[in-house]
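Two complexes, one shared chain (chain A), two partners (chain B, chain C).
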Partner chain A sequence: MVFFENMGLLALTPGMVFMWVIGFVLIYLAITRQYEPLLLLPIGFGIIITNLPLSYLMEPGEGLIWRFYHYGIEWEIIPPLIFLGLGALTDFSALLSQPRLIFLGAAAQVGVYVTFFIAYAMGFSLEEAATIGIIGGADGPTTIYLSARLAPQLLGACAVAAYSYMALVPIIMPPIMKLLTTDEERKIRMKKGRKVTSREKVFFPLIAAMVIILLVPASAPLIAMFMMGNLFRESKVVERLNETAQNSLMNIVTIFLGVSVGATMNAENFLRKEVIFIFFLGLFAFMISTASGILLAKFMNLFTSNKINPLVGAAGVSAVPMAARVVQKVGAAADKRNYLLMFAMGPNIAGVIGTVIAAGIFISILK
Partner chain B sequence: MQAAFEIFVNGISGVFIGLSVLYAAIKLNKLLAGREADKKEQ
Partner chain C sequence: MATEVLVPLAGNIWLVLVNVGDEVEEDDELVVIEALKMENPVYAPCDGTVSEIRVKKGDVVEDDDVLMIIEES
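On to the complex of A and B.
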């Protein structure tokens, strides 16, 4: 009977069933543990449906989800739109009031490049190594953007690794923070920054977009949208656009991003030993990024009387605002009345900009 | 390996240069647009 011949069930492979398990695990983590649910839930579902045989959802030119993927990610539309929303959600006051903290966001990119170098030495191509390294920036949309440009075959694995480690920030970061700081250092109370004027906040996205794009033109799609979103926010004259960028638009593109990323993870692509290396290297990148931010803060303290609490350096990995919250928590464990959250937001946001610059540099050299 | 090393060096220095210039821009921004708050605080 033709019906039985066309059944997907007959084309099922053990690899597909294994991928279902991965999909179910991500959905479980999203629902019960609330680990990055906005992304892991659609990614998990995308994994399951793309591994249902003969569904052709990712068939080039035909499949529904392939169209989302092709026009959304390959055409580089969704990650910049996510950045538009992030810009509209971001308050740069913490960074503008203490600009020296920007260097902690730069230090956190060391993990990206160290891991890039190691991944290349392990046999990955330059493009693949760059995509693996950027996981250390802990910025999901940037990881997806770079992967789509340089190594689309690794997109699913790198995106899941990035979002998984972002969700695991409260578990990964504290041991490194405690290992690299003394109890005295964790108790350092930082001086409050100055008040930032509303005019400064309006000028900043304009200046930042111009400066960064002039220096690293390849970062333009992400930085331009990020700063435009922030201009919507700070100008206070386009509340409708600001609200749309923060909420409706962000939610819509998140749906398409999640399901498209999940759908790239078919059994043939994903069940390879390289994927295990990607997860280990991603974790390594994340740890080095955390450590390098802390170490730079300690180094800066050698030259200043206005001390920086080194824990704040750990927030240089993007993962906004989770990394800053973890800094606050670890700081409060040493001194209950030490409020580090606002200080940690500075390097946290600088980390986002730093990761985009790092991705732009990779693209400009490798593409 | 040499290519990877060049990207490594270019990348790290590029990120620090990029954010250093942004740091200078923030300082300049403060000079141009931050005076309002200073006056109020005084």
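On to the complex of A and C.
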């Protein structure tokens, strides 16, 4: 009898079965469509195993995956480690050679704030509204970081929304980009910026870390790790650390991140009508961010003779480098000899930093 | 007249699609440059004959390096 009482099968609820379906869909998309497979695959698996009753995998204090989640995400260790790797992977040349493109990365945060106010007006708490708004930055680790800080109950939904929209960048962005630009504008060829020296590239992470953390101290965990990773890269003297931060360390923490995020999505937490709103609001935030980058680029063109192709403004949403690739594709469709890829990397990288700063501002105001 | 074909964006040479001596037409794909895991074709600027190729598959190229020279017909 005791065996039967402890058998998971009898404790199964319809909600759990529904969550399996969501887990299977994510795994299916990861495998067949290769939508962000490094994250959606472990997230999908995490969803399935957390919805097997009586496993206690997420039981506070004892469950295996709870420990991953608690020490990795709640203790805010994994997202900053991912940022260390991202910093090591990032080449700031595109930004340093045309610093004015930084503004486009900042403009793309408009979606974050607009959505924050709308979500609040819809009845979400301030903390929840901030977490939902940050989805518009389309930056997975930042979304997870902010959510763990402010609204852990929304973490799973917000993370899946952010990673889904990153995967859907090639589908969501082009219609907005075409709607807001004329054929002439899409054909603008940009002048190459100046050559960036390696000395500038070494100084940049040092100065950027100091300036940003002095202004928004709450962004320190992510910015400090990001800039240290970039210093590893640009100093050229710690190739082993650089290589580890980019590859092995990042891969290891990605495993723990994915399965823990998935495991936060149990049926009672996830199957609520708020979650549907989160997906809609997140998409809305992402679309507004895309549009605001383009519109700022058009506005800047009113004052300069060295024209910016407004398409690169769309890359201000963080999703690196998918957004920049989409800009290249849409630009090449209008003029196949127009190579916008590297120009788009400027706002793209500025967008990552912009989203972290936006998250830091939320934390300092709301905590 | 000899026309230089320049690198439009920094990256790695992914494919060289022509050989020395080939006749090419304007807009033919000459080389594919890989940058950020994206394949970017470089097109012939004019009709002509390829007289010299300065890169091979796998080379790292910077903006405005010379890829090849086309003798305009």
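Operating definition for what follows: the second predicted complex is superposed on the first by the 367 of 367 C-alpha atoms of A that agree within 3 Å, B and C clash if a C-alpha of one lies under 4 Å from a C-alpha of the other, contacts with A are read in each partner's own complex, and residues count from 1 in each chain.
One rule holds for everything that comes next: contacts are C-beta pairs under 8 Å (C-beta built on N, C-alpha and C of every residue); 3 or more make two chains touch, one makes a residue touch a chain.
Note that this is a predicted model, so its numbers are computed, not measured.
Participant: Which partner does A:Met342 contact after superposing on A: first (chain B), second (chain C), both, neither?
Facilitator: Only chain C; A:Met342 stays clear of chain B.
Participant: Would you check which partner chain A:Ala333 touches, where first means chain B only, second means chain C only, and both and neither mean what they say?
Facilitator: neither
Participant: Looking at A:Arg325, would you say it contacts chain B, chain C, both, or neither? Reply first, second, both or neither.
Facilitator: A:Arg325 contacts chain C only, not chain B.
Participant: Go through the superposed model and pick first if A:Ala11 touches only chain B, second if only chain C, both, or neither.
Facilitator: Neither chain B nor chain C is touched by A:Ala11.
Participant: On the superposed three-chain arrangement, identify whether chain B or chain C touches more chain A residues.
Facilitator: B
Participant: Where does A:Phe117 make contact in the superposed view: on chain B (first), on chain C (second), on both, or on neither?
Facilitator: In the superposition, A:Phe117 touches chain B alone.
Participant: In the superposed arrangement, which partner chain does A:Ile276 touch: chain B (first), chain C (second), both, or neither?
Facilitator: neither
Participant: Based on the superposed arrangement, let me know which partner A:Ile31 touches: chain B (first), chain C (second), both, or neither?
Facilitator: A:Ile31 sits against neither chain B nor chain C.
Participant: Write out the stretch or stretches of chain B touching chain A in their complex.
Facilitator: That would be residues 1, 3-5, 7-8, 10-12, 14-23, 25-30, 32-38, 40-41 of chain B.
Participant: Chain A touches which residues of chain C in the complex?
Facilitator: Touching chain A from chain C are residues 8-10, 27, 35-38, 40-41, 43, 63-64.
Participant: Where on chain A does chain B make contact in their complex?
Facilitator: Touch residues, chain A against chain B: 95-96, 99-100, 102-103, 105-106, 109-110, 112-114, 116-117, 120-121, 126, 129-130, 194-197, 199-200, 202-204, 207-208, 211-212, 215-216, 350, 353-354, 357-358, 361-362, 365-366.
Participant: Within the complex, which stretch of chain A touches chain C?
Facilitator: 192, 321, 324-325, 328, 336-337, 339, 341-342, 345
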